[in-house]
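Let me begin by handing over the structure; questions about it come next.
For reference, chains read A, B and C in written order, and residue numbers begin at 1 within each chain.
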Amino acid sequence: MLGNCIENVRNGAPLVHNITNYVTVNDVANVLLACGGSPIMSDEPEDVEDITSICGGLNINIGTLNKRSIEAMYLAGAKASELGHVVLLDPVGAGASALRTNTAVGLMDKIPFTVIRGNISEIKTLSSGSGTTKGVDADVADAVTEDTLNGAVSFAKALAAKTGAIIAITGAIDLVSDATRCFVITNGRPEMGRITGTGCQLSGMMTAFVVANPDAKLEAAAAAVCTMGLAGEIGWERMQEGEGNSTYRNRIIDAIYNMDAATLDAGAKYEIR
Amino acid sequence: MLGNCIENVRNGAPLVHNITNYVTVNDVANVLLACGGSPIMSDEPEDVEDITSICGGLNINIGTLNKRSIEAMYLAGAKASELGHVVLLDPVGAGASALRTNTAVGLMDKIPFTVIRGNISEIKTLSSGSGTTKGVDADVADAVTEDTLNGAVSFAKALAAKTGAIIAITGAIDLVSDATRCFVITNGRPEMGRITGTGCQLSGMMTAFVVANPDAKLEAAAAAVCTMGLAGEIGWERMQEGEGNSTYRNRIIDAIYNMDAATLDAGAKYEIR
Amino acid sequence: MLGNCIENVRNGAPLVHNITNYVTVNDVANVLLACGGSPIMSDEPEDVEDITSICGGLNINIGTLNKRSIEAMYLAGAKASELGHVVLLDPVGAGASALRTNTAVGLMDKIPFTVIRGNISEIKTLSSGSGTTKGVDADVADAVTEDTLNGAVSFAKALAAKTGAIIAITGAIDLVSDATRCFVITNGRPEMGRITGTGCQLSGMMTAFVVANPDAKLEAAAAAVCTMGLAGEIGWERMQEGEGNSTYRNRIIDAIYNMDAATLDAGAKYEIR
C-alpha cells in the first residue's frame, strides 16, 4: 500500500514550493529530487504568490525565519490554500523563542494546513501555545516511548481533530495521525539525529508525497516517514569504517533516490491504531 | 584548445563575486574552488560595490531573489561593468514569476552582460519578455533536440547579436554562441538533472573561465560547459551500486577538481556552427 | 590534555547559537553535530535574544552579512555577554570591504568577545582598523611562516592582551593565544583551503569546545584547531583515486565524528610559547 505512494510521486513529479531555512535547504532540494519531486524555493513576498501558483504543494518551515519570510509565509499560505494546494507546516524551534512560537501559532490560525510535522516538543508547543525545547531538538522529557505511546496517540488524534490537519510527530517512534487513525512507525536509526536537517528533508518529501496521492493523504504522509526511516536504515548498512555523519547524509539521500515500491513495502515497519 | 582555458583558470585563480541563491550556494563555492577559481559571496547593497571591485568577475543568479538582493544586483552589476569586469546573468526561474522575469529583463536593460546562461525556457523568456517554465526546469515543449537544432542555433546567434552577450543555453544539447559562431555541445548525463544546482554551479564556473581567458571568451564559456558535462560523465562512471544523486553531486565536483587540459581536450564533444 | 576537551564536548553537548553566512552554514551545523555539540541558527533581530538565551555560546560570523543580520549580531552579542556566555567572532572578509571591516571593529568595541578567530589578514585588519585580503583568503604577504613566527606570536599575545579575547589565527601554522601563552599548531593539510568553509566550520566547533571547557578555554580553543587539522590529515589519508574537494569535505567531517580523546592526544602537533 505505502509502496504505491512513492510510485505516484515518481510518476507525477509534483512541483513543491519551499519557504524554508537556509541551513538545510540544499538537502531539502536534493531529497525532493531523489524521491521524484521537483523543488522550487522562494521567500520574497512579491514573488511567492506567483511561484506557489505553479506548484502542487507548499512546504513552510520556520527555521531561520525573518520578518520578510514570515510575510511571505502568510501570503503564500493564503494563495496555496485558495488554490486547494497541499500546505505543510514544519514548526522548527517552536517553543525555543517567542517569535517562532507566535509565528507557528499565527500561521495555524490563518492557514488550513494539510499536514503539520514536527518533533514532539514542537507539536506540544503548538497544541498549548507555549512549550520548551532543547533548541531545535525535542526535550527528552517529552519523548514518545512504549510507556507513553497510548497517550501520545490520543494526543495526535485529538490535535488532528482540532486542527483538521494530519499530524506527524517524528522521533524514535513516529506518529502520523488524522482524527481516527494513527500510523505508529518504527523505521529509522538514532544516528539520523546527528545529521542536520533530516526533519526538514522529511517535510519537503512529505509535501510531495501528499500532493501526488490526493485520495490517500494519510497513507502518503506515513509513506514519506517510512521512506525516510528506511533510507536511514539502508544508508547505515552501507556505512564503511571511518565514515560519519557527513557521508551518512549522502547515503540516506542516495537510498531515497533508489527506493522503489517493493523495497518500501518490504521494509516499512508500522501498525495502525 | 578548450583544455587551455581550464589551465588559465588554474594559473590565474580568478576571484569571482557571486550574488546567488541560498539553495545551491555552497556547491557553487566548492565548484569554483574545484576548477581553480576563488569564490566570494555578498548580497548586501552597502557591501557589494567594495566586494566586486576586488574581484575579476561577477555572477548574478536570480534564484531566491529578494528586494535587498535585487538592489545589490543592480549596484554590483553597474560597478563591475564600470570596471570592465566579466558579468554573467543566470536568470533562474525567469518565466515562473513576474518578479523574476522583470528582474532579469530589467538587469539586461541596465547592465551590458558578458554572458547570459540559462535553460531554453528561461532564455526564451528573456528574449520575448514573457514565457513559461516548469518551475526552475525547462518546459519540455521548448527542448533543444536534433529536430529543432537549426532553429535554436539561429535563435542563440540572433539573441547574442541583439544583446552583445555570449548566450549559453544548456540542456540535453548545449549551445554557446556569439553573433557569428555557436558551439553545439553534447557532453553530460541526463541524471545531472536530478541534482539541484548543476546549472548554478556551471554559471559560477563559467564566470571564472571567462575571467581567466579574456582573449577567448566564447571558447572559455564553451570550455566551462564541456568541463561540467564531462565531469558529469566521469562522475557517473565512478558511481557504485546503491549510490544516488547526493553522492553523484560529490563525484561531479571531484571530477572538476581533477580535470586537466588533456582530459578536457580528449573528452569535449562539440561542433561549431 | 587536549583530548579531554573533546570528551567534555561529547558529554556536555553544548547548544551553540550561530549567526553565520549562508554559504557554509550547513557544514557548520554538521560539524557541530559531528563533534558532539548541537547547533541552532537565527539571524532575525526579534528572534536572536530568545535563541541565544537558551544556548551556551554564540558564534558570530560576518560572511554574507546584511543590515538585518548586523543588527541581530549586536543584539545577540549583548544578550550573550550579559548572560556570561562564550561569544566568538569570525571576521570573514574583514579588510575586503568597508562594511565588513567596520562591522567587525564595531562589534569588538561593544562585545567582550571570548575568542576571535580568523586568518592572518583578517586579524591584522582588526588590529589596525584597516587591511588587505584576497577576498576571504589571507594575503600571501601576511602568511605566518617559520621566518615570521616569532613576530606573529608576539602580535597574537599583544592583541589578546589588548582585547581580552583568545586570539586564534589559522593558516599553514596556527596560533591560539592569550596574553601569556601561545599554542603554535602544525596540524592540517594545504588541500583544506580548496574546500569552502573550513574556517567557518572551525569557528562553530571552537565555540562548542570553549563552552564545554569553561576552566580551560585556551586549551579548548587549541584543541578545536588540532581536531580540525587532524581531521584534515585523517580525511586526506582516506582519499581514493579520482576523489576531490567535495568528497574531502565529507571525509573531514566524518573524521571529526569519529575523533576521540586518544586519537586527538596522539595526533595533535603543537608547542606552547
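A few remarks follow.
Note that in this section a residue touches a chain if its C-beta (ideal position, glycine included) is under 8 Å from a C-beta of that chain, and two chains touch if they have at least 3 such contacts.
Nothing here was measured: the structure is a model prediction, and the numbers come from that model.
In a homomeric contact, the two copies may use the same or different surfaces; for chain A and chain C, under half of the interface residue numbers are shared, pointing to different surfaces. The best fit of Cα atoms from chain B onto chain C calls for a rotation angle of 120°, in steps of 5.
The distance from the centre of chain A to the centre of chain C, with each centre set as the mean of the Cα atoms, comes to 33 Å.
Annotation for chain B: residues 22, 26, 249-250 touch two or more other chains.
The touching residues of chain B, when paired with chain C in their complex, are 15, 22, 25-26, 29-30, 33-34, 38-44, 46-47, 50-51, 54-55, 68, 234, 238, 249-258. Taken in their complex, chain B has these residues touching chain A: 21-24, 26-27, 63-67, 93, 96-100, 134-137, 194-197, 242-247, 249-250.
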